[in-house]
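Which chain is which? They are A, B, C, D and E, in the order written, and residues in each are numbered from 1.
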Amino acid sequence: MTEHLPVLIIAVPLLAAFVLPIVRILGVIPRDIFVFSVFIAVNVMLMSLIPDICIYNKTLHYVLGAASPSTLTPEGLAFPIRIVLKIDGFSLLMAVFSAIVGLVGFLYSHKFVPEDGRKNYYVILLLLMLVGMIGLEFTNDLFNFFVFLEILSISCAALVAFRTNQKHPPYAGYKYLLVSSLATSFFLLGVGLCYAQYGSFNMDYINRMLNHSLLDRVALVFMIIPLAMKAGAVPMHMWVADTYSEAPAPVTAMLVTASQASLYGVFRLSFTLFGNSTANISINYHTLGWIIIILGVLSMFIGVTMALVQHDVKRLMAFHSVSQTGYMLLGVGVGIAVYAGHDGGAAFHQYGKLAMTGGIFHIINNSMYKGLLFLTAGVMVRRFGTANLDRMIGMAHRDVFTTIAFIVGALAIAGIPPFSGFASKLIIFESVYHFNPFLSVIAMFVSVLTLASFLKVFYGAFLGPERKDLLVDNNPLPHGMTAGMGIMCLFILIMGIAPEAVIKYLIDPAIAGLVKIL
Amino acid sequence: MTDFFLYVTVVLLVFFGLSAVLFKRNLIKIVIALNILEAGVNLFFIVLAYRPEGTAPIFTLAPELEKLRMVLPTPQALILTNIVIGFATTALMLVFAVFIYRNNGTLDIRNLKGVEDHD
Amino acid sequence: MDFLNRFIAQNTGILWYPSLLLGILIILVIVLTVWGRLFFRRDYNKNSPQVKPFNSGNLEEIDYNIASSNLFWGFRKALESYYAVMISSHSGDLNDYLKWLAISIAICFLLIAGGLL
Amino acid sequence: MKLASFLSLVLITGFLFVAINKLHPVGAPLGNPDVLKDRSSAATDIINVNTMDDYYLRNSQTETGSNNVVSSIVFDYRGFDTLGEATVLFLVVTSISMLLSLLYKREDVDDYEFRKPNEFPGDVSRIISYGSYLLYPLIITFGVYLVIHGHLSPGGGFQGGAVMASGTALLLVSALITRHVHRTRRIFSFFESLGLTIFISMGFAGIGTTFLYNFLANGSSTLFGRAIPFGPNPGFLNSGGVLPVLSFAIGVEVFFGLSIILVTLFHVARHRKDME
Amino acid sequence: MISSVLFIILSAVIILTAMLSLYFRDLLASIVSYAVMSLVLTVVYFHLDAPDVAIAEAGIGAALTISIFVLTIKLTRRREE
């Protein structure tokens, strides 16, 4: 049964989502137990894949509907004809952490979302968002990537607009869906151009047959820039702030991982589809690397400077996720820029590979501490009824656990040693310094501003005297919310204490999967 | 040369769809523009698959095997999926437009700030 | 010597074990608190007027808490022109958001496909 | 700033047009140009196999047992896309019923007394409501025909379901079923998830070899197992293997899903009109 | 040769109705012209030897999209302000 695991990870939550409208007749408790067991099953299945992919560096292929799961191409043909799921280090890494954030999101929203008639639909959409993320990271087929990108976008848009009776959430949902469907239409145009030239949708086959004509470069741009928009790179990042601040807190925590799934798409396309370092490349890899670096640096700076002046705590954290995306783009952009340098990859081995390690490690850290911060923001909004920082004061007196969770998240995002943000930021600073010292200086300055803005939130919401009049609801936190935040703190601490183990067992196989080592 | 004009149609549809999304003010008009963009992308795939002297890829009652030429089937299979996805996105965006009108009373982008960016 | 340490050791010359650092940090914190508890300001007691902030003259109870939003008002005022541009471009107008997608795609076309670079 | 966005629009369409022209000589065969240098005939003659499409045209009848190559691709070769597609539709139906359930509150539905069709003051004339009595069965039979003959003639689950859903739209417009419209939603959502579970359980049924494997096709003695020869043939109903079952499941799901969207939106619109 | 003349006419009609659909200020009129474009697109798909896509475009693209647009306009406003 184990060679069927790749498709089971996608099909089991899908079956659960389809059956849920019928299961809900049994009542609320059986439904919650059913969905919780599905989330746990997905996590367990993904964790069981870690040994043979990350330690023995295998890549799993699964051909859907063929006579046997691993017959990639039928006899005597050079091209695959069915949809192939390919799991290598990078996709498994992203899928594992998406599943963890999914589980935490479901735990958190157990009591956070009121139990009216809409909770069944909310849970279905949560499951399908998880399916969209994991499916996106497992397929090796371009059109299947488009379909899962569409599933992810629609479920995120519907969940963003969950509170339709308030003034702004429907407009935020509209913005998210407009941005996503425009991006997916452009992506489909790029897929059409690729298919027209090579007759197949399989990324590995197209990569083998690539001859870098003008058409491929047009297809490259049509595919990568819309995905960078969905990931929140700067010039196209403005929808991030409006959308994250209107969504309920657990949904925002999963939205961060959803935009990281499209960031995975950017890196997967620029490496597996368009990247072969050996051939004489007419796609100037240096240009592509520099474009991603500029996007990254702009994201970092504009994200954090805009965050510093915000009054709304969720908008502040949304701008921070834009600036953290900038770090990842910077890290991996440096890797791309030196990936196919004419010096035979010496620069790549010296610091390019390290920059990519830092970038990808930062993706994982960001999904952890950014999710935690949004969950604490959910507690703040629930306590004070408003997200405006000026009307929050003295929360530390009551919710000691939330305060500790916020401190862990804020120090991790600023990159303070014992927490996981420090390891990945240190690697990014060191390796980018070799590439271009000025970029590293900007990265450090932005890191300082990050700490400054979270100090502002800590001072505003947690410190100060205990004022009963500002308080909206004072009953203790339900266990689901504390359990969710606890899991996130646990992961941040573990990855902070032992970063070398995480790098050796999780990040290096991911780099091996992405980059065909020279 | 028969389908050169259809490629021109594809490019024009994409151009009009995109320019309307960027310049039009009404939310429902933007949804129509998005549908026009999707129609352009669908037409691109089908014109890609067209072969002048081919027939439809269906073997029931098709001409005999020697003279049988067929059009490419894969883009048509994908466009089936893309039409339904386009419809699904349109339906959801229109429901959002209904709620925007219900809560804010207007459908025009200029009056719908949607964000009190007080600084 | 695992990966990160080999890297750090080469450049900065100090051995860097996070678990070790954490241990030292905890010990330091414990020592400091115990020392502080014993020897710092012995004459402090909790519920005396010492706790009240010195309101320099006006005696009635005022709400002295500075609103958190103008914590960095200096930074905000210094970059006034930068923030004017930034706030106006984040104004929630959908057409302004999406025109940046068109502009970025056009620039990338010129850079990558147009062969400028 | 308007000029910059307009200029970039012109640039995007210009590059797209240049790329399309560089695509391949219009009407020429597909695939890597230097691989297919010697291709004389523009269209894919069904004998030698150079690209994926040639393979589909050459082998779809023997492997999936269906005459309609497009349906064999939609339901067998790329069945995972169709599963994703059915998820997208299910997703939109759930989110629309989630969002609109606020306007669809139980209590204001019950006290909302229904009127018989012919009492509507000037809403719908007698001709339309009785005309739709005649038209509705025809639409439903045409939809069912499309679903059942999906693997023989052009059509399939999506098109058949959409045609039947336009039948529901006709009923809504001609105000025939307003009397029971709010009770239908629960039944429709049950059938929709039933269709979807049939589809995905057919996928799981093939898990012995691989997910979505066509275990009924070509020679298996079951209902749809008849093996069909390569080349044009008059089309046999029990030949598609898994295809007719999947097409039926998708037809059920699309029909009931789209009917839920139409019924919910119509009910909210009708309810609001009466409030004014 | 007739097919290339036919394609020219149909392409012109598609482009015209698309422009009209975006030009009208009355949303109902723009939806009707979008429906005309969708139907002409169905004819084009039929002549491009894609019958499956023609039925899907007619069934979903023309019939159901238009009914959803009309229901939305009923719930919001008709003229574009």
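Rule of thumb we're sticking to: a contact is a pair of C-beta atoms (placed from the backbone, for glycine too) under 8 Å apart; a residue touches a chain by one contact, two chains touch by 3 or more.
No experiment lies behind these values; they were computed from the predicted model shown.
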Least hop count linking subunit A to subunit D through chains in contact: 1
Can you list every chain that touches subunit D and also touches subunit E? B
A student comparing A-B to B-D should find more C-beta pairs in contact for B-D
Mean-CA-position distance for subunit D and subunit B (Å): 16
I'd like the Å distance between the centres of subunit A and subunit C, where a centre is the mean of that chain's Cα atoms. 23
Could you please state the distance in Å, as a whole number, between where the Cα atoms of subunit C are centred and where those of subunit D are centred? 52
So, in whole Å, the Cα centroid of subunit B is separated from that of subunit E by 10
Where in subunit E do residues touch two or more of the other chains? 51-52, 56, 60, 64, 68, 72, 75
Residues of subunit C that touch two or more other chains sit at 76, 83, 87, 90, 92, 94, 96, 98-99, 102-103, 105, 109, 113
Provide the list of subunit B residues touching at least two other chains, using ranges where the numbers run on. 1-3, 8, 12, 14, 18, 21-25, 30, 44, 48, 50-52, 54, 56-58, 71, 74, 76-78, 80-81, 83-85, 88-89, 91-92, 95-99, 102, 112, 114-115, 117, 119
Quick one: which chain pairs are touching? A-B, A-C, A-D, B-C, B-D, B-E, C-D, D-E
Residues of subunit D touching subunit E in the complex: 68, 70-71, 146, 154-156, 158-159, 162-163, 165-166, 169, 173, 258, 261-262, 265-266, 268-269, 272-273
Which subunit C residues qualify as touching subunit D in the complex? 96, 99, 102-103, 105-107, 109-110, 113-114
Considering only the defined contacts, which subunit D positions touch subunit C in the complex? 1, 4-5, 7-9, 11-12, 15, 19
Which bits of subunit A are touching subunit B when the two form their complex? 143, 147, 150, 154, 157-158, 161, 164-168, 170-175, 177-178, 181-182, 185, 188-189, 192, 195-196, 241-242, 245, 309-311, 315
Residues on subunit D engaged by subunit B in the complex (per definition of touch): 2, 5-6, 9-10, 12-13, 16-17, 20-21, 23, 26-27, 30, 41-46, 52-53, 56-57, 60-61, 67-70, 73-74, 78, 81-82, 84-85, 88-89, 91-92, 95-96, 99-100, 103, 152-154, 156, 158-159, 231-235, 254, 261, 265, 268
